[in-house]
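After this come two complexes, each holding chain A, first together with chain B and then together with chain C.
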Partner chain A sequence: MSNTLGFRTKRMPEPRLIFEQSNKGRIGCNVPVADTPEVNLAAILGETRSDLNLPEIGELELLRHFTRLSHINYGIETGFYPLGSCTMKYNPKINEKTAGLPGFANLHPMQPVATIPGALEILVGVQDMLKEITGFDEITLQPLAGAHGEMTCLMLIKAYFESRGEGKQRHVVLVPDSAHGTNPASAARCGYDVKPIPTTEEGNTDMEALAAALDGSVAALMLTNPSTLGLFEPNIEKICEMVHAAGGQVFCDGANMNAMVGTTRPGDHGFDCMHLNLHKTFSTPHGGGGPGCGAIGLKSHLEPFLPGPVIRHEGETVIADSDRPQSIGRVSGFYGQFLMEVRAYTYLRAYGKQKMADISRFSVLNANYVRARLKEVLPPAHDRPCMHECILTAEKYKKENGIRALDISKRLIDYGFHPPTNYFPLIVPECFMIEPTETETKETLDEFCDALIEICREAVETPDLLHDAPSTQIVGRLDETLAVKNLNVRWLPTSV
Partner chain B sequence: MPYIPHTESDVSEMLATIGASSIDELFREIPEKLRVKPGALNLPDALDEPRLMAHLWSISKKNVNMADVTCFLGAGIYDRYIPASVGAVISRGEFLTAYTPYQPEASQGYLQAIYEFQTMVAELYGMDLANASMYDGATSMAEAAIMSTSIKHREKVTISEAVHPHYRQVLATYCWSMGIEIETLPAVSGGLTDLSANSEGTSCIIIQYPNFFGGIEDLAAAREAADKAGALLVVVADPVACALLKPPGAFGADIVVGEGQPMGVAMGLGGPVVGLFTCKKEFIRQIPGRIVGRTKEAHGDKPGYVMTLRTREQDIRREKATSNICTNEALMALAATVYMIALGKNGMRKVATSTVQNTQYAIQKLTEAGATLHYSSKVFGEFVLSLPKDPAVVRDALLKRGILAGLPLGEFYPELADSILVAVTELRTKEEIETYASALKEVLA
Partner chain C sequence: MSNIPEDLKYVKSHEWVKIEGDVATIGITDFAQSELGDVVYVDLPEVGRVLQAGDIFGSVESVKTVSDVYAPVAGTVVEVNAALGAQSELINSDPYGAGFMLKLKVADASAADSLLDAAAYAAEIS
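Moving on, here comes the complex of A and B:
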């Protein structure tokens, strides 16, 4: 059984909070000292504070603290990370190197645009490549993550309808019951009423229910394709036609773009706009929960409403255009996640024309392989080829052995793997959502499948092993109810 | 392609297990006419690693970066020193390549670091608690405004004109889409917010500290004005300034937000940066975004950390969530955590003090060189200068001399068309300030 921890021995102390390691007079950085004349602070600022309570730690102790913490944290570089819907692919090292170049990292967002032609070249370069890959007319990189991109798309739709005098009338957004939580939350953020649309037994959009819901009040349908069930929506063209016939717009949740890169283009499917998660499909690292990087694509009828500034070609040069009377305005402070765009640019140029489609082809191959290898122990929720991720169900272990999907996942940690996504989408009972991505070897997939098969045997023969899992980590299963009941969200000298 | 490890025999064995004859067959549910042939897209050619590096390097060289010039530009993003330890920690693969800590047992390292982050951010702002981060300062402020409207059940927010213009633009976008009205308090004439207006019916008063012009606002007066209107007080605060100034929490602010970039995050053309979000304890259930809490093992006594109060969030509450935010800025929050620890209480105070000292020297030298200090208010690290010549012309002339002089304000405030906003951090030296002053004198002559 592999152990995901770094160098730890039994005698090593438990990681203490940094505040408990503080010692008066220590400092962890050679702070620059001003060589300008000293001033009387009170005269200049009025009352100042002297009560600031931050820790005092030496530089080596600081590094040891975080190295120890890193040893109790799992990343893609630790091992296989098949978290469904998250596209945990390899984050190439060269991307870190290019994003760290001083000519990128050391730019101020308010410096004159004339001094950043290279930055504009990167931004427009990413936009141009994403236009070609998605089939949309325009791309903006201003949104800062996926949910922010969803929200921006809905704002474009809202502005579009307002410009046509239909703003008030179209107040409903349709969201399938399988959708990610950010979809309805983003719709609410734009003042829309959310109406759910059911999914059929086969895992497709319920066409009858959709037809019944489509009337003059509908502003948009938010559709994830491939869906969160890992399935390509075969009726996609028909769906877009129906919504358009009713005067509505169709938004594509593009978190699952990995299945389509170089193989099929959502812009050709009939969508009006979509968001992309560059921190999934285009390899920018997730950083333990962020930064994200949320580009959006759109058809030309939505272009007048783009958030400013719009980075675009003008003749031979690239400009940052803020003179846009119909713009929805800014959605973020500056130019978006610029250093993430440098990483995405580097990644896109590494694949290029020749190899771009390999991303979707091998991610779909890997997912179908895992699905095939596990089908006896964890049956697929649908009897169809999957796209970049497979959705399996552990329902029988719950019924027959009192073992939930979560127990199986926790046991996987003991085997040295990060668990897949559980309990999403909400409509599949005891759901496993496994997304291997294209960057994993067959050997890794085999080890993972072997482990899951073994765990499913344990679920029947020695279920207690699963109830108690994980047992190899720094902590056992944690009490989340207690965390809510006795809220403790910051350290205080007396709180521990 | 090194990122895709499949050999030919892997592919044939895998297809055999699947029971498919080709990879193409796996895409059979996509209608034929919607498919493109591999390699058919009009994209640039693939580049090998050395060529890729050279290509990116040559693009980067086209930009003027802050190592080529001396930076006196601030306006929300600051050229501060980043300790070497920050880069060492945030580039560790265990942190850099992790997802959101949905599996706490395998993510204790990150969860503990974020708990430490929350503690120190709350401490700097003098507030009860902080969340695990927001996208950036501007969206963090917009979220605070929206949170105020849902706490107060009022459809109006009030904001000072002396709040960063980009932040106000983002607020305008968010409020338009939710049907929230915005009222603006004047500030341009005196450099500090005029709080005398009656803001009745508003859910919050939003003020920046120090404000966009560098001025130190009277938060006690702002608290009074908010109380009079029965509204919340929302403060957008510079965390570094709060190491020295009396923090907003000490004035009774309800929500304090800000941009964490000055604490260890590269300027990077403004992204990724990190939004800070703190509030009073009583509002914790309305807070947007993730929060890390300390708990214990279910079947043991060891302490551990989890994401908590999850029922506020979009994946559980869907359209009724407090916000749509999911992915945040964890890695930048980690950078700020390392920064706050590396500097500690004495280092942060030193950085803030050096900023004040350098700023005062710059005010003296630049006014001697022919510029006029536009406002008489107390300032921390930034100030407005009026120039006898067109500020954009002056800026461009100084840029040729290797000095990024500041931000001409006419674009944002027509009344300040003759003025420039100058920032001076702890990194500027006596010599650099003197060079700026003598160059300015030449340019103005």
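Moving on, here comes the complex of A and C:
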């Protein structure tokens, strides 16, 4: 095995919870003597708890605790992170520099709008650039995550149909069987009945099934393009026409926008609205490093229903327009996650219009490179060029060697890589969804492919290595079933 | 290889059904449990609910995913497998026995005749 583990093989004491390191009376900082009158909390709040069991710990122990945790963590700055559908691209440091500028970082959410023209310029600047990239008439940056953006789009569609007196009649949302689970969840949350649309063997939307499902009860089709199979839907324009002919709306799940930036635009394909993940495509922090931003784009017929306030140009200035009688109302406090918008603005301006298409071209190139290099050991689910991610199947190892995709993924951890997405989309057996993103070098992709080729050899010759993996980490194979069935996330004191 | 008992009938959505008199016992197949992985939660209908063939009657949650389960034949729910509440793993260990999901009282005992037999289901999943 290659010696790629580096610092993570360092001997380290078993990590303990910070609560377990607590020692009564130990303090990490000296709180200044209060120069305000003492307040009796119990007198105001009534009964108060004294047994808070907060950890009492010195500054050095605290520092060591979190530094240790950071060393056993794995992130994009530690190594390759090909988690499909998540677009784990590198987030350039300049984003953090601009977001940290005091003029942005120190804004108060309650500050009068008249005092924040610079912030409004950023918001409207991001909106304008996203309009141009997606081909939509309007953008709102308010939704706080991808699924929140999906739901906001469906709320706009619902308000639109209600305004036309078709609210009751149109109660069905169509969702392909390859969709992200959030799609049916968002539709159900908005009170819609969800109907699945099958995918053909070639990996496209089943046009006959779609035609059969389209009637006056359909409010919308939620379509991910490129699909979760990493394939561009060749019938996309026809699909949008068909849904429109039946009086429905078409929502684009923009989780895979990274494949299209600067190259093609969902607004031009015929979609009525879409969501974007700024934390995927536009390099704002992802996952625990968030918070996210699920910006949405929409055509002008949905504009009256936008959540307020709407940030827009008015003559030479930018205003926050709250006079929105048909609005669905706010979908977040204030105006979303403002500093994420600063980061996205920085990213967009740093790339510039001319180089924007490099994002999609290189992300597609990298995915196809991985797909081609692994073709012999892990065949692609569909034998045609993919977009920004490739879907490969480990089915033959399951049948012939009793090795599942999960075992291969766990073994990848031993080789120093974060595993790709497993078992999604659900319609491909024993699948890997690998999304390298545009920010990885050929050398990194080669190291990753070499590791997977080696692991597939192990799957045949020494399968036990995979069953037991990972074996080089601070913990071994975790019991996922036990974790789900006996969820235990709260520390309880053993003695006080 | 998946275990596919000869004496049961099957549907493409991977449920099995066994008709005895006017009672249909229903569960998911060995292939289905193997694809799902460890089952951690099972959602079952109320006794008395009337189901049409093809209706969703519940869901099975595994560490990988949550899947709806469909009634292979029409009928009224007369019993659900209460043991699955505490021991959902029975679906993995004994999908055709202790891991059954529910029993329906069927109006038409011949309704299962047109479903897949073991050979046809085996062809379906190969």
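Going forward, the second predicted complex is superposed on the first by the 456 of 496 C-alpha atoms of A that agree within 3 Å, B and C clash if a C-alpha of one lies under 4 Å from a C-alpha of the other, contacts with A are read in each partner's own complex, and residues count from 1 in each chain.
Basically, a contact is a pair of C-beta atoms (placed from the backbone, for glycine too) under 8 Å apart; a residue touches a chain by one contact, two chains touch by 3 or more.
Remember, it's a predicted structure, so these values are computed and weren't measured experimentally.
One of chain B and chain C touches more residues of chain A, and that partner is B. Applying the stated contact rule after C-alpha superposition, one finds that A:Val484 touches each of chain B and chain C.
When both complexes are overlaid on chain A, the residue A:Pro429 reaches chain C alone and has no touch with chain B.
In the superposition on chain A, A:Ile72 contacts chain B only, with no contact to chain C. When the two complexes are overlaid on their common chain A, residue A:His171 makes contact with neither chain B nor chain C. Using the contact criterion defined above for the overlaid structures, shared-chain residue A:Pro419 touches chain B, although it does not reach chain C.
Of the two partner chains, neither chain B nor chain C is touched by A:Arg312. Comparing which residues of chain A touch chain B with which touch chain C, the overlap comprises 181, 480, 484. Every residue of chain C that touches chain A in the complex is listed here, in rising order: 35, 38, 40-41, 63-66, 88-89. Put simply, chain A touches chain C in their complex at residues 181, 422-423, 426, 429, 480-481, 484-485.
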